[in-house]
């Protein structure tokens, strides 16, 4: 009973930490980019300010839109929160909810969010948003197999098919198979960048709608709705980052606090890496991105084969 | 050389003359002669003593094949008023060469067939096969409807010769039926030739097909 | 069981009534509906009993036709197909009653109701038939009546063409079904199912049965490349008929295949692999082609191909599980496949009915002419949204649950570390992952193009409203089913246990044990999904309580600085799918008519694109043309010349006699 | 006695009809002859009639079956004929070439119809090969004027082809009969079927095979086995539809009977291997040829004629395969006659309304003449062997038999050809039945609908239920052909 209580406490603590700390990541990324660009850049907590400001604003709706447009932010945010319940948020404890095959649900919760975001984009009737939606669905469709494959490779490596199981098992034998882990990590990073609309797949900072993907889809949002969307993307980034960190940094001391700190540090470090990538790389041409994703899938397929043939 | 053999050779000669002949009138005459000789065949080709039926049958065949058919054909020829030439697809010379080859084949064939029963003579089945072949050849290689009827009559003669050559005794009723059928066939064909000549202004069956294709 | 026969008789009688009702189509429809529901009521008892207890019942009467017996039976597998079939066809019929009501068809729709009843009769008889000949009779009854339903509007040329393609491919598949039963009955001398001995695996006979079943049942089910009739027939049929055909009839093909599997012994490895290859190609290509279509019903038809592919993947991994002696993988695979079949029935019927409502109201099925209907037809729109989410396999709807079970089987398969099984499992995971993504793309497009944005052409937007209750209630009910199954958690497994045991040949207890690992995940999914819904409600309320949430400004859509945007500038169906058609251009071969803008003063121009079926374009049409050419060539032998004809006779005699002589 | 009546009633009726000048009386005579004939046939089912004429004429199960099918078809055709003759204009215009043509006088037509029935009954009852030959040749003669009903150059040509080709074919069969005599020269009265069957071990096999070849080619010409079928499309195309129905449904069967009788001798003498192989080969070849020509066919009546070639092929295939396929083949024969009769009669209605035989000119039958449209569509599925029509049962059984005996090649060719033929026929016939409604709904006379509808209904029933007496007869027949 005591164990169970500890579990409950730790899981909730991790979950809450994720909810609270997630908006920090974009701040870190932007700060990194600013440093690379030699600017001072926005404060680390900029997203918190933005959210706070947006929540208190009124909203502007297009006359074309219907309930789908209004429902999308709510659905997206709740799906992202749902996903957070599935991951061991601070790495040091199991997730709130964990079951065999929850990796699938992880991917599909983002699916429902995407379905609504895309529909909302089409709901505005704007051709730019339609364009973004059309690209988004293609990249997501290609990212999904890559993501599932990389998680399958991990599942195969650890003989566990739940996220928590994989994470805990991977800490038991850290770096048991470095080649596999490296391949999976690379795949996951590519998927993370694509799914979260970062360079080289997308450029969140561009001001030309024609070249944007995710940002263009939410052009018409304002006020609390936009706050929900921004928060949801921060949560999504956290979710993916925590998986990457769990794979790439399976270091555990056994102490909950230390482990949590290591984990959060890892995530922030990941944000820095993303910032570095964004500063040093240009955005890919649109038709190159599918190739990148297919390459990523191939990497994790290799990882899987390596694991399987290992015996 | 015995009687059956000489009759058979005569029949073979009539066939060859049919192949070579270019005049319809001559053809009809030849067929009439062939019919009369064929009519006599059952009288010499028999295992058992002749009965009144045998004579009756012979008379009947001679009447039909020797008198009725030629009359009918010539009547048709006159009334449809066509050109008296035969108009072959295959020329007369070539026809005779093919005929000779067929004749050789028939004889060769009959040498190599085992007959289960005594037969009239070894020439007889060969002559019968040859006659059948000639009849069919006339039908296929000549343009006019009238020649086709002639060919059919020759073909029937050939079959009849085969029966005689094998010394087959049919019951009278069946023979009667066969003669009747053959007669009606030729009769109907004759009637139809009238219609054809009315409908087409020619009795060239080769051209019939073209009208069908158009339609 | 006698009651079941009475039910069939009732349906038969009720189907004949419409032939005599004349112009009164309402009576016609009502009598068929009454027939379907009475059959449903009468079959309820045996169905439920055998589903829960795994019991089997049989009854058989002799028929004077050789090899035929009127043998019908009920076992969990039959029940599993029969129940959804009847419920859904009842709903389709109710919908159809209103759908056909306004249809002033020259022939009156009485005849179509007759065929509707016969179609339902054929399908349900096929699921309970226990004799090969009876099965084929039911099978052809199904094919014929659906043919007449498809060609209901046969004054249109494309309908006739579709009808021809459909009936020819139906005939083709029957030939192979023929073969299946003939091989199975070869040793026993009877075509009763119970007399079939289980064929040993690896023998030529079992291989032949497997291949024949794959082709015969597969072409009805719509395995690529035998699917060509689907995208032709579904768009031209009345919507309640397309939903019946696409939603239910093609599943009878899978039923036949599963039933055949029960007569075959242990599956060799290549069976499972073949099924997975077929499932993967049908799934991926099906959804790609669906995405490239611009006609809603063609799109839905291709998506049926895709979903059949997913179900086949489940069955394939199940077979592999049996081969590799991994009962958990096998049972989960079969369970996933079966569940997906039923799920697809529900949401495909739902989507077709919604599409029908749209066509009924606007008279338009081309995506590029529709748009903005959400405000005019909110009920239909919501139902279509639910159907779309469900068919894309998104939680909390039922589509996800079925795919999840297959995923679970595949994940277990990977962790077994048995190489062939793991490799196939990887293939399954990639495939379903890709399919899931593409399906989301495809259906967000369909949903978006029809219901969202502004109307793309003027005449589709006026006087449009939600159809009457007879049409909306079935749609709403089906949407509720979608959500209910998605949230029902592990209780589903109780229903799946018995049918799976029939297919896999394992005992009921073994199946229950094999399904155990899925029990907690399903509960958790249901919990999380409900939680998500509650969370959504909470977030919505939260958003309402924000200080200035009441301040809403209505403006035009943000136009990026362009001054005069109009409805025709919206992203269209073809532009939405362009990235995907371009990426997979090798298969899709989308043909586009590009505007000629090279001239100095380009005139009025237009762009259009279409994606014809790859196999029809490059396989079936050329072979039909080839056969025609051959026959035209040989046909010259019949030139109308009597001399030649007689020559044929002579040559035949000579050849035969010569052959005889020299023998 | 009944046997004599079966032949004499139509014969006398035929002769009488020739001299009766009153239209009503003549037509009544036609109907009553066929009805009496059918009644007599029915009585034969109750009790087999005694043989007559030195036992040359007798009804065995095979003959009875063929006789009943013919009789049934004749009733339908004669009822249809009344409506047909009533509506057929005395003079009509050719649709393609524009000239006018008349019809054969009605008394000749009706007389020949009845004589045709008489000769056909004679064929069915013949137990003597010579008699059989005479009777089969007589059917050709009796039916020739029927084909030349329309005094039109194309029908004249078709008749010419029919008479000449069939006569040559049947001439070959006469040669075959003579060869049979040679082969059975050790047997007394060697053309009598029962005698031959009794003493079949005395038959010389080489000559028997030769005789069989000539029978097959000879009677096969008339039966319509490819490549000897050439007269068939023209004759079926040009003759009035009810005559086509009789030719296809009754005449072809009767010629088949000639081949069957000799095959039976082969089976009894234990030398059936050769004849069976030939039958199978010609069966498949006919189906293949029919398939090719059905696809390319533009004239729907000629297409139906080719479909008859196909089905004759199936019949001979079934007989050639032996065993249960004999049962199937005989069952196929019944159903094919019924179905083809129905289709030809429906085709007659179509021609009466559309005045053309070109299938592409016919559209929307279902709309313009609904009842015929339904018959036409049902006929398509019936002839293609869809269940629950009778042809399905027989085709299934033939297939199963071939498969069970390991003839996989035959099976696959059989199925493949059936599929191709169906595709071809469906394309033509569905495009006729369906389509843009041209013109208003027109009224069809009951006399033109009832006969084909009854035939169709009958084959539908036969697809679901085989009456006991029929089952028994079919079983007897299969025993005659060596099935256990």
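Order of writing sets the chain letters: A, B, C and D. Residues in each chain are counted from 1.
Methods note: a residue touches a chain if its C-beta (ideal position, glycine included) is under 8 Å from a C-beta of that chain, and two chains touch if they have at least 3 such contacts.
Computed from a predicted structure; not experimentally measured.
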Chains most often in contact, by C-beta pairs: A-C
Whole-Å gap between the CA centroids of chain A and chain C: 35
Chain B-chain C separation of Cα centroids, rounded to whole Å: 69
Euclidean distance of C-alpha centroids - chain B vs chain D, Å: 31
Whole-Å separation of chain centres (CA-atom averages), chain A against chain B: 99
Shared interface positions of chain D, touching two or more other chains: 160, 164, 168, 206, 234
Per-residue overlap in chain C, given as positions that touch at least 2 other chains: 640, 642, 646
Touching pairs - complete list by chain label: A-C, B-C, B-D, C-D
Interfacial residue positions of chain D with respect to chain C in the complex: 160-161, 164-165, 168-169, 172, 206, 209-210, 213-214, 216-217, 221, 227-228, 230-231, 233-234, 274, 278, 291-293, 295-296, 324, 327, 364, 366-367, 370, 381, 384, 386-388, 392-393, 396-397, 399-400, 403-404, 411, 415, 418-420, 422-423, 426-427, 430-431, 434-437, 463-468, 471
Residues on chain D engaged by chain B in the complex (per definition of touch): 96-97, 128, 130-131, 133-134, 137-138, 140-141, 144, 148, 151, 153-154, 156-160, 163-164, 167-168, 171, 174-175, 178, 181-183, 185-186, 191, 204, 206-207, 234
Chain C - residues contacting chain A, complex: 371-372, 374-375, 378, 381, 385, 388-389, 392-395, 400, 403-404, 407-408, 411-412, 414-415, 417, 419, 422-423, 426, 429-431, 433-434, 436-438, 440-441, 443-445, 447-449, 451-454, 517, 520-521, 524-525, 527-528, 531-533, 535-536, 539-540, 543, 546-560, 565, 567, 569-571, 575-580, 582-583
Footprint of chain C on chain A - complex, ascending: 55-68, 73-75, 77-79, 81-82, 85-86, 97, 99-105, 107-109, 111-112, 114-115, 118-119, 121-131, 133-135, 137-138, 140-145, 147-149, 152, 155-156, 159-161, 209, 219-220, 223-225, 228, 286-287, 290, 297, 301, 304, 308-309, 311
Chain C - residues contacting chain D, complex: 63-68, 106-107, 133, 136-137, 140-141, 143-144, 151, 154-155, 159-160, 163-164, 167-168, 171-172, 175, 178-179, 182-183, 185-186, 627-628, 630-632, 634-635, 637-638, 640, 642, 645-646, 648-649, 652-653, 656-657, 660
